[in-house]
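Per-chain residue numbering starts at 1, and chain names A, B, C and D are given in the order in which the chains are listed.
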Amino acid sequence: MANEQGLKIAVIGGGSSYTPELVEGFILHHAELPVRELWLVDIEPGQRKLNIVGNLAKRMVEKSGLPIEIHLTLDRREAIKGADFVSTQMRVGMLDARGRDESIPLKYGVIGQETTGPGGMMKALRTIPVLLDICRDIEELAPNAWLLNFTNPAGMVTEAILKYSNVKSIGLCNAPIGLIKQTSAKYGVEADRIYAEFVGLNHLHWITRIDVSGEDKLDEMLADTASYSAKNVPAREWNPEFLQSLHALPSYYLKYFYMTDAMLEEQLESLQKGGNRAEVVKRVEEELFELYNDPELKDKPKQLEQRGGAFYSEAAVNLMRSLYNGTNDIQTLNVANQGIIEFLPDDASIEVNCVVTKTGPLPLQLTKVPPMAVGLIHAVKTYERLAIDAAVTGDRGLAIQALAHHPLVPSVEVAIQMLDEMLEANKEYLPQFFTESTANA
Amino acid sequence: MANEQGLKIAVIGGGSSYTPELVEGFILHHAELPVRELWLVDIEPGQRKLNIVGNLAKRMVEKSGLPIEIHLTLDRREAIKGADFVSTQMRVGMLDARGRDESIPLKYGVIGQETTGPGGMMKALRTIPVLLDICRDIEELAPNAWLLNFTNPAGMVTEAILKYSNVKSIGLCNAPIGLIKQTSAKYGVEADRIYAEFVGLNHLHWITRIDVSGEDKLDEMLADTASYSAKNVPAREWNPEFLQSLHALPSYYLKYFYMTDAMLEEQLESLQKGGNRAEVVKRVEEELFELYNDPELKDKPKQLEQRGGAFYSEAAVNLMRSLYNGTNDIQTLNVANQGIIEFLPDDASIEVNCVVTKTGPLPLQLTKVPPMAVGLIHAVKTYERLAIDAAVTGDRGLAIQALAHHPLVPSVEVAIQMLDEMLEANKEYLPQFFTESTANA
Amino acid sequence: MANEQGLKIAVIGGGSSYTPELVEGFILHHAELPVRELWLVDIEPGQRKLNIVGNLAKRMVEKSGLPIEIHLTLDRREAIKGADFVSTQMRVGMLDARGRDESIPLKYGVIGQETTGPGGMMKALRTIPVLLDICRDIEELAPNAWLLNFTNPAGMVTEAILKYSNVKSIGLCNAPIGLIKQTSAKYGVEADRIYAEFVGLNHLHWITRIDVSGEDKLDEMLADTASYSAKNVPAREWNPEFLQSLHALPSYYLKYFYMTDAMLEEQLESLQKGGNRAEVVKRVEEELFELYNDPELKDKPKQLEQRGGAFYSEAAVNLMRSLYNGTNDIQTLNVANQGIIEFLPDDASIEVNCVVTKTGPLPLQLTKVPPMAVGLIHAVKTYERLAIDAAVTGDRGLAIQALAHHPLVPSVEVAIQMLDEMLEANKEYLPQFFTESTANA
Amino acid sequence: MANEQGLKIAVIGGGSSYTPELVEGFILHHAELPVRELWLVDIEPGQRKLNIVGNLAKRMVEKSGLPIEIHLTLDRREAIKGADFVSTQMRVGMLDARGRDESIPLKYGVIGQETTGPGGMMKALRTIPVLLDICRDIEELAPNAWLLNFTNPAGMVTEAILKYSNVKSIGLCNAPIGLIKQTSAKYGVEADRIYAEFVGLNHLHWITRIDVSGEDKLDEMLADTASYSAKNVPAREWNPEFLQSLHALPSYYLKYFYMTDAMLEEQLESLQKGGNRAEVVKRVEEELFELYNDPELKDKPKQLEQRGGAFYSEAAVNLMRSLYNGTNDIQTLNVANQGIIEFLPDDASIEVNCVVTKTGPLPLQLTKVPPMAVGLIHAVKTYERLAIDAAVTGDRGLAIQALAHHPLVPSVEVAIQMLDEMLEANKEYLPQFFTESTANA
């Protein structure tokens, strides 16, 4: 990070509707994070969105008066070359693929969700090879760059990169920062007076301590069975007796595991009502892009915050600032386990509090691992590791094993049938499974 | 084990239909295991069966001409006092309780099975306190005795004893010896030429190597998708593609996890046809006791082998012989983990190959742990540990957590409702959950 | 830490010459660490020094105009009662005992040093029981207090407290802060821009990274073979070839292990010249107390900084501030290992970078453990654990084992002879070894 | 191991004086270990000895009437090709190099011994590359062969092979079998009634249990302070108080660590008296070869048993028999740690009891690790790992680190000077340290 004239940042999937938030972050924090060049990259089918978002970004920068250059390009390698930070926010197969991820499992009576369960596995199979391709470019063209990965399933993607590339990578999710903000609002204290211990994996964590100005407020938070929620997961309340005896606050994604029956029912109803979550998001996105296209708009519109991914970009800018300045502050990140969760392999990705030093995040020891959670963490990580290796190798046997061992899949037979349908539906994005040598396996 | 006149053995639950097999074993192996006193103990409701079995035992011994004294008693302490070996084969609540264990979960769409799932948990809640009571007696009256535990769920009961008593205890199951015998028959070689590596827990193991005269026959065994079965688990065949990519032979109990939908269907059908497995066993037992009661019968009847528990007693006699003589041979036992499965706690019980030395079994390192299996092993062990602690403390919160985290239970809500019904149905045997302080919890 | 009127601090060994530095710290940082009561406690033989130091402290506070009350007392329990922080800086047996610790080993051709080797072990045997007595008082009278332990051997004392009491305790040494200050001066950057990774134990650490404004300066530091030194360890330079191939900067205390012959020679020469380090310190102390006694002195005198223990008090005040305010900054502390150094027991004390949260320090994962260092770390920790248990039990066999396994002791025979002489010389302070039951062991 | 006509065995260093014992073993156990071809290989300077020993072997076989072919050759590859077992018993640099290993350290006041300390390190530096060359041949020409390694330092050589080759290798030492035989004689029981638990490394073990017919006789063995000795280590008695408080029986090689001063004195005296151990062995060997050369000799001569290596060949034949037949008996072997000693790396070699199955040895869990021993085990293993890597790479810095961290070396300066002299003296056998690129390092 030596360029004296400022930093170069490449955003893969730059045409995303989240980009204005990121741009706002760069503008607000330019003093501590002197961005000079911001490269927004996208693929050809995304050209239109890239232009709309890119032009809004240019108007925002212009209004700010800061010396930030915005580059719009379809040439990923040009964008990556010499970058200080690369961030990814992409969707291989776009919202249509997401729609299928959400709907096919439901046919088999299985949760259909973007990151959790069979849907998440399909997303991983499509996405990991593309991310590893990007890593090859970074290894060659920007070997010192930090890769900030927002692309879901963020934990699995991060683990694949840790295992199969030499790129310095960190996975990011907006859930932890969301909890901090919720707690900050609830107690009326600054975020930096709150220490919440996150234990587990991306979209599969438990919070075991919430110190607010040094006092543990966990019990108070547990008493509120509707707290800690997000727009993209249905807002069922927790059973209070369960929550009390768990002694930990579960991620809202854990509702798919702890309330499987109710969540499934809700998804089926919602499907009948003519819309899975992918459809909803599609409509929201279209509305956003209409707004962005207004040449008078020179700021991030308020409506963006209603997307599920609120705070994503804030999390990204925070992390870049801390890495650039070596502020040694604490952030919740997806990094290699390295002994933190002692029963998981060293190279497994986990979601954990880290001190962000200039040479990277150092994870903090956990003080309380809920004994109830260890089995589920290990079961999901087992699936994740098998699925990652399936994504890299295109090995059908591994894919069967991954899906059959997912806690939400009821049997081997269902796993195999569902896999067959999902592989076929994603054929276009899964060349590794359809080359000659494996096609008839 | 110093008594020069021979060994004293106490069998708790001596009125069991299995006892004749045990007696046969003592007769056949008297040269290496000089049993002098065999004490069969039972509780009052079992007096009739005890007398029938006891008299058969006396006739068997008389026919053999060996100096073995058979004692029948309801006084457990007298039986245990000074014993060299204590074995347990009991059923707290008898077959009626088993019937409820098998039927109640089915109402909630959950597998109803004696040792696996909610049924197994209820059995553990009833049984563990009784076993720990027996341990208190052994600690006082026969501190050097070995306790051989056959009582199911054998893995959980063994772990409870390891954790909450000072008794030297080993858990035993007939499944491993069954596989060895099946393989021995298939290949026509002696059992001691076969080395099968068992990985996992009681009723939750995978076989990762089967060396027959030094050659690994695992692949051959995997090709036969119906091999390795038992009478007490429905004989569904494995999916061949799944088995090949698993690279390990799963226990037939794993069908409850890998074929949950089909097994559940079978149980529901079987229930409609008017009989759960408890009912079947009840009838078989009654027939056996009629046979036993025949004063002309002086041998173990052939029909006994058709019970699911074939080889149980052979396993027990083998183990006693090896402990008594220090033969250092290899047996598959349930013992403390002590680092063998590295992600489980040291005091967790596991099922593992051991060298049986005179001072006890020494577990053997595992050479291949299937990466697919680790999550499920950990998930089930997590449930087991919570359930054990619930059994000991009567803590309803722990019981909720145990059941809610069992991989076969679909949600927290189902767990709580089912638990409520099962606790109530077992009230008589669960004083720890119904004392004043916890009753209205 | 709830007293609204401010904090109560108890300093055991308050008559120490270091106290003025501590008082200065409380004055300088009163805004963030609102000390209301400072209790200086000492034992009767230390009364004179306590008065001198205490009066200086009162003059310093008076000059500052701050509302800090200074209490001088011989009543330890009164001082501890309700304290928020207790710090200890004491010397059981005073400088005379230290003199013996330094001189007896030399008779046997063994390093004679205050904290390292047989001398350190004797200090531990004398000190640990006294500290545990203090802990009993804290458990009773100030259960929420933090105990900041400066008393050497600080690592062993801290481990004894972690293992044998319920007091929240942290061990502190001035070496890490010293390195940071040295580096800060060398590169002209603020201390908070420096991240040095310390690996190992108290007085036995290696520095494996020194990031200065985000650049690793370790190689530069290694090139200067005289850097990282302190007044109380002779200033031999490191062999440059050794340092380069070690790839880590060793603590100056490691010279006793890596340059044993030269250090021994120096100690023997110094002894002949009529003075061990205890004698030197005695003279320095006397001069300091003369200064302190001057009623015109109202500030910490400059000369205090020439004592070996520079920055001790700064380290203490820093730590109290961070704990009180939950600043989450990084400090190098002696805490329970808890898996950080994976080959050491969880309850072993280690010296490690920690994030200081309001509920205590959270240790940071190590990024580079020098493979060369692991054996020596484990060897010294083995000695430490045996010596701690010897100190607590008075078991002569454990004391023999501890000393015989210390890397600086050449043989079992030397260990036993030296131990006999040292126990006898410290008889007065080692009642645990001289009660009737063990006296003639 | 499928050759129907019998086994092919290759002995590298076949001209060794130990060979007749091996041949005797093959003759005695031909029924269970049907050797058809025995290839004795040596290098050119050993041709005369090879012929003498080889001819004796032929006479021994002829007398036995068994169909064993003896082949004498200098062509290692021909000998290895298709072998079932390869055993090595060689001495790179022969007895002259051993003489230097023993005498150079003494100049620096350091123990001079064949396998322990600087002498052992030099032997490792000379030997490991040669063994790895042999492994390259085995990988190519006999990939299924077992390599039984007797070549000292056997632990380090075995670890090097485990780490840097794909050969299936087991390290062997005669010390464990020696203890069993001593105990067997003392108590008048068969060896298979004795179970001794060995904990540690080759030439650095502690015995923590000695069960004789099921009773632990450790305390009795500890009471005899002269027991467990061998001809090649001076027969000093242990300090009884030390032995009692250690609660374990140390290897006689541990005298170099626990009685360093006395052992050093003895070596210096012995040197003055005109003979190090290498000289003594040279004379014994010459006498043996004179005996072997007698054409009337057709049996292993009794005098061979007086060599330090008694039982070496018995150990080898035992191991081959067990591997060939899959007897699952217990032997003490040097194998990969794989978690047995939890603080050592998985690929470190340790000396441990194993069950010898047809597919290799499975190590047994340890039941008692003496807490006193862990530091020394780790310190020596640290040196070993650095020295192994130095042997493979020829990296002078690693060699310095290895020697400087050996517990018997008093300082870095001594380490560097001694290393310089020893490297120079062994120049002929250490090409890896004297290639151009490293010569002037």
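List of remarks:
Everything that follows uses one rule, which is that contacts are C-beta pairs under 8 Å (C-beta built on N, C-alpha and C of every residue); 3 or more make two chains touch, one makes a residue touch a chain.
Keep in mind the model is a prediction, meaning the values are calculated, not measured.
By number of C-beta pairs in contact, A-B leads when B-D and A-B are compared.
Note: centroid distance subunit A to subunit B, computed from Cα atoms, is 45 Å. Counting only residues that touch two or more partner chains, subunit B has 342. Taken pairwise by the contact criterion, the protein chains form one closed cycle in which every chain touches exactly two others. This structure has the following touching chain pairs: A-B, A-C, B-D, C-D. For subunit B in complex with subunit D, the touching residues are 1, 192-193, 195, 209, 211, 213-214, 216, 326, 328-330, 338-340, 342, 355, 357-359, 362-365, 367. Of all the residues in subunit C, the ones that touch subunit D in their complex are 239, 241-242, 244-246, 258-262, 342-344, 371-372, 374-376, 378-383, 385-386, 396-398, 400-401, 404-405, 407, 410-414, 416.
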